[in-house]
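Only one structure is covered here, and it is reproduced in the block below.
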Amino acid sequence: MNIPSLTFLDFQPVLPALLLAVGGIVLLLTEVFQSAATINRAYQSMVALAFSAVAGAVAAATTLEPAREVFLGFGVSDPFSGAVTVLVCVGLGLSVLVSAGFLRHRNAERGEFYALLLFAGAGMSLLAMSNEFITLFINLEVMSVSTYALSAWLRRGTRPSEAGFKYFILGAFSAAILVYGASLLYGATGTTKLSELAGLLPAAVASNPGLTYLGAGLVAVGLAFKVAAVPFHMWTPDVYEGAPTPVSALMSAGVKATAFASLVRVFLPFAQDLGPNHAQLMTYAFAALALLTMVVGNLMALPQRNVKRMLAYSSVAHAGYLLLGVAALFARPTGGEGPLAVTPLLAGAEGAARQQTLQAILFYLLAYTVTSLGSFGALAALERREDEPRGTAWDLEKFAGLSQRKPGWALAMAAMMLSLGGIPPTVGFMGKLFIFRAAVDAGLVWLAVAGVLASAAGVYYYLRVVVYMYMRPSQDGVTVPERQWTTELALVLSTAAVVLLGVAPGTLSAWLGKASVLFSQ
Amino acid sequence: MSVENVLFWVFALGIVSSAFLVILARNPVHSAMALVGAFFFLAAEYVLLWAHTIAVLQVLVYAGAIMVLFLFVIMLLSLTDADLQPGQVTLARVVGGASAAGLCLVMVETLSKTKGAGQVIAGEQTQVFGTLAEMGRVIYTQYLFPFEAVSLLLLVAIVGAVVVAKARI
Amino acid sequence: MALHSSMLTWVNAAGLAESLYFIIALPLLGAFISGVFGRLLGRANVNLLATAAVAGSFMLSLLVFAAINNAGVTAPNPFGDAVPYALGHDYGTWFAAGGFRVNFGLAVDHLSGTLLLVITGVGTLIHLYSTSYMEHDEGYWRFFAYLNLFVAMMLTLVMADNLVLLFVGWEGVGMCSYLLIGFWYKNPAYAFAGRKAFITNRVGDFGFLLGSFLLVLMVAALPAQAPSQAGRLEAGAAQVGPLNLRGVGALATALPYSAAKAPGAEVTLESRVASGPLAGFTYGGVLTAALLLFLLGAAGKSAQVPLYVWLPDAMAGPTPVSALIHAATMVTAGVYLFCRLSPLLVLSPAAMATVALIGGTTALLAALIAFTQNDIKKVLAYSTVSQLGLMFLGVGVGAFWAAAFHLVTHAFFKACLFLGAGSVMHGNGDETDIQKLGGLRKEMKVTWATFAVATLAITGVVPLSGFFSKDAILHAAHTHVVPGFEGAMHVAYALGLLTALSTAFYMTRAYVLAFEGERSKDAKVPHAHESAAAMTAPLVVLAVLSVLGAAWAFPLLPGTHEPVFENFLLPVFSVTEQVRAAAGTVLVPDHAGLPWGAYVQAWVIALIGAGSAFFLYTRFFPSRAGQPLPAALAFARNLSRNKFYADELYEAVLIRPLKFVARLAYQVLDALVIDTVAVRGTAWVTAQVGSALRLIQTGDVQAYAAIMAAAALGGIVYALSRVMP
């Protein structure tokens, strides 16, 4: 019996996830010892914040280590997974900050909430490094089950439990599709490991093209559900609206980012190791998905007067821009050199082009994480508990005249809206620039044009919020909730990030460029 | 045709027919009992594949524990006859049903075209495959990473279930 | 120029180049402080701070301007030899992804230097004016923060040495303009005007971005195909990025016009792109497409047909804003952009003809609409659109220096006119209807005098600046020959002449109705009062500049008939001139002598227009104001009746058609086509589609699952049909 040996090197990459899980357990345990007489929960958000910060720091410190397989190939530790973990921790930290004020305001702060947040983060981090279908599925479920429970956290009125339940049912449905697809792929290739899949795919496609593609298609559907690509997005607005706002923020940022990470990891072998015809088919499939998602997401957001629903649809639209990047990643660069890359890429032209596209995707994910957290944070700061049952808590009218009542919040929200709309000098503009450039590089010029047009339409509803904040008088008798320093800290941090990264993205994009390395044989 | 072949088809017929009963039965208790039947037939198929452990777990967990839960829920709901009337035919149901049927067709079509389909592979596995010892060996060595991840998943599931079940936060 | 060089021996040019960012940083800092601490600081401090920030910028600009008049001062140019008479500094990589990079660099040459002075100089005056104009407004700190921010953005636009940074400024000024138009947001119409401006501009920005993409693709494709021609281009692009403004010149130099004109060239405009997404298109075709996309962008920002509609509505903002943004600076950004792209423009006669015709059409259309406007700010707004059209006409016929010159003189006299209008409104209870004004000549002496000077300048009366700048454009339209497009150029010239005539007419009408004659009975206040010194002083300065600006048009240099300004801009357009000469797309006659004939012609046109308006509105219409004539005097009555017939005739032959055309143009084009169909219509259609999609979003989980399943089925069946045998 050969017992494979595992060394510290195997465990080191999962350190951030372990830290997050330990943080969650600490919170669960301390919550037990809260006596009814002396309830003090102020420490909880700080513990959660500290654990996510440390986990993020550990991940950042080890991101650029060379890519390698861990746990016998069930996981990989590569710069890409490290960068995604850092991104998750950033989103987690901001989300914890927003949650603290939000929950305190509703008298709903419990250790379990932060524990579930941290567990979800651990699941995301593990998902980013999963390199095998069973592992991938389990970690996806860790992430999903946590978010199912978190969406139903507030149970006043029917909305939150409806949100949680809807998310759960549809999530289970899509998970089943994903597992079924993975099993078909196993049937076609005889392996569940992605690293072995790459080598076995050509033979499998040659002998059983139907089985392979059916499996791949079902896996794609399962992941498309998680990234909320049209037409698998239907749950998004209902769930985002019903879930507590900080949770919606984490869903739109962290869940989406990691789902994209696994999408890239699973499907890159298909584009890379099969012939050009298959790569083209993949590109077309994802390009169609991207086009549909961009157009429908933006159009649906247009008539929304409920800002939270608008942000939900906007997150669908942003998934479309990211899918544009994914489609570009799978496209074979024409002529071996990215046309926007002025210096000719000498060796490994295709790999270098892929790395750039991956960098664009990572940058966009980061930009969207910060911006989305900021905008949901501003929304969370503004919504009042009393309005929730009537469903008016997120009405556009609530933003009217905000610039006079709360100039700081209005400024932060305006920065977020500009960034979501892709207007310089914000990080959103840079993200869009990189993504569209990557698409043009890959020869998807018309898709990039469609993306620019769709985002131009998007500017309308983002600016409507700005118009209400700055150009509408405030309604009489509207009060805003009291200030919470944690929420305001989150707003300050995200606004600073949005503007600074928009003005000087150089350092970060260089780092992400180095981190855009996937493990490959 | 070997004995295994005959048994396979018998059990497969049992699975499919009890699965149809689950859908078609008007009374939910009948549906649940049909589901138990489907689980048992499936367990039998596992035995044919030399996967004893999974067969036992299938009976214990699904036919035992989970079905009891199902029956509890059905009893607690205390449905009346009016609740049991067939629902309206809505567009969503028609589309959903048609798509499900379509997906099923596609899968059958694909699988039937798959090379090697239709051959019974039972017996090709060694007889230790599927024993508890072998499964334990694989889970604790090769599949360590997903196995440990499952522990996290169970923890999350417990906490999540408690949180959702709590009357008030 | 010797004076300058001796004056500046103590300035370290390299140090000055590195410190260029201070010019932008000052107003930016001002905007930050006014915006964040404005309410704490109080009105007086904000006034002082905001004005001082721009004035400081003006001082620095003066220093830079003096420095670049020194022959020894050069700006580094990675694409070739250092650029004389310019300063520039590259602050290093701004962002890069793979081989594509954009550097953060600022540069000032004679063109941007002049504009720096205009922006900060006129900006300072307008800030000063605003301290008085906004003295009763509660949102003064917001106003000055926006205004300072605008100046910073405009300076970024002008000083950027690459198209990406230029685009940041471009978007920035658009945003500030949006904020300032909607400044009095409590009026929903004003807020709508703000949105209209923003959306129209986004259409243009789309063109700008796509145009830049095409340029980058060309820069990337060229070196592989023509290594020897594009060596410098490639090296430069690797160093500072493909969108550098010097790279535009290098790209134009590397692309000969045709194989006939450059035998042995590896690549000409006629050859096809070999690789990349553009493969198969000719370089000339791509270039024309890129220029037309840039034209769309410039048309949005500079209010040209078909995107001019936002500018008249933009008058909803405070008047100083109209003067600064919608007359002097931001709206000229399109002209500036095309001056920067001029080396490429002269390679595409088709694009030139389009620019010229768009400019000419806009100029005439807007002038015709201005005939019937009674709101003084609307008259000036349409006049601005018309004058911008003239500048585009100048660009289109290849007279870049003339367009830039008209840009500068227009900034002076139009800012003066707008501020004068603001002063009139200030002194008359915010009355903007010129028919309800009148007789202000006696009551607002300073405003009257400056307004009259500026009117004469825009009318084109000798010897004011407007005469020379407008004439330079028209003269170029007349004499420049673009082979293949002679007809279009003749049309453009005719449009220009008609515009000059119309301009003289409507400006004189506005002036006469507001300032001459008797005070209207409908006036809001019985007596107008002259504005405070903080408002009149800028008026005087601008009026003086409107006169003195003419000096740049005189052929003062020994041995040549070249106007001073043309000579002054030679270093800026030297690449353009080389490319033009090599390509032979525009034939420019030598300066044989002063164009006396053209001068006389232009003068006569101006006098006819102004004279007829003056006659009609001071003598003719007041006299027929419907007073019952003495019945006894039959002869007089007959005469009067005859006059009446003449009037009817005149009305029928001249005024009615004119009014009809003007009204038609206004109502059909402006109100119906653009406002209703284009702006509201597209919004309506997208909103309807969005609402229709909403019907699917029922909230029913089963329906969601059904749709997911159906979509999965469709996608998988399609994929399988592609791969299954």
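As written, the chain order gives the labels A, B and C, with residue 1 at the start of each chain.
Keep in mind that, in the parts below, contacts are C-beta pairs under 8 Å (C-beta built on N, C-alpha and C of every residue); 3 or more make two chains touch, one makes a residue touch a chain.
Computed from a prediction, not measured in an experiment: that's the story for all the values here.
Peer 1: Closest chain to the protein's overall Cα mean, using per-chain Cα means, please.
Peer 2: Chain nearest the centroid of all protein C-alpha atoms: A.
Peer 1: Counting only C-alpha atoms to place each centre, which chain is farthest from chain B?
Peer 2: C
Peer 1: Where is the C-beta contact count highest, in terms of which two chains?
Peer 2: Here the largest contact count links A-C.
Peer 1: At what distance in angstrom does the C-alpha mean of chain B lie from that of chain A?
Peer 2: Centres of chain A and chain B (C-alpha means) sit 32 Å apart.
Peer 1: Round to the nearest whole Å and give the separation of the Cα centres of chain A and chain C.
Peer 2: The answer is 42 Å.
Peer 1: What is the distance, in whole Å, between the centres of chain B and chain C, each centre taken as the mean of its C-alpha atoms?
Peer 2: Here the centre of chain C sits 71 Å away from the centre of chain B.
Peer 1: What are the residues of chain C that contact at least two other chains?
Peer 2: Where chain C meets two or more other chains at a single residue, that happens at 703, 705, 707, 710, 712, 716, 720, 724.
Peer 1: Out of chain B, which residues touch more than one other chain, so two or more?
Peer 2: As it turns out, chain B has residues touching two or more other chains at 106, 110, 113.
Peer 1: Would you please write down the residue numbers of chain A that are in contact with two or more other chains?
Peer 2: Residues 210, 214.
Peer 1: Looking at the complex, which residues from chain C come into contact with chain A?
Peer 2: 93-101, 167-168, 171-172, 175, 179, 182, 185-186, 191, 194-195, 198-199, 202-203, 205-206, 209-210, 213, 216-217, 219-221, 223-224, 234, 237-238, 241-242, 275-279, 683, 686-687, 689-691, 693-694, 696-697, 699, 701, 703-705, 707-708, 710-712, 715-716, 719-720, 722-725
Peer 1: Mind listing the chain B positions that touch chain A in their complex?
Peer 2: Residue positions touching the partner: 106-107, 109-111, 113-115, 137, 141-146, 149-150, 152-153, 155-157, 159-164, 168-169.
Peer 1: Taking the touch rule as given, give the residues of chain B at its contact with chain C in the complex, in rising order.
Peer 2: Touch residues, chain B against chain C: 90-93, 95-96, 98-100, 102-103, 106, 110, 113.
Peer 1: If you look only at chain C, which of its residues touch chain B in the complex?
Peer 2: 700, 702-703, 705-707, 709-710, 712-713, 716-717, 720, 724
Peer 1: Over in the complex, which chain A residues touch chain B? Could you list them?
Peer 2: Contacts found on chain A: 1, 3-4, 6, 21, 25, 28, 70-72, 74-75, 108, 110, 112-113, 115-116, 119-120, 122-123, 126, 132, 134-135, 138-139, 141-142, 145-146, 148-149, 152-155, 161, 164, 187-188, 207-208, 210-211, 214.
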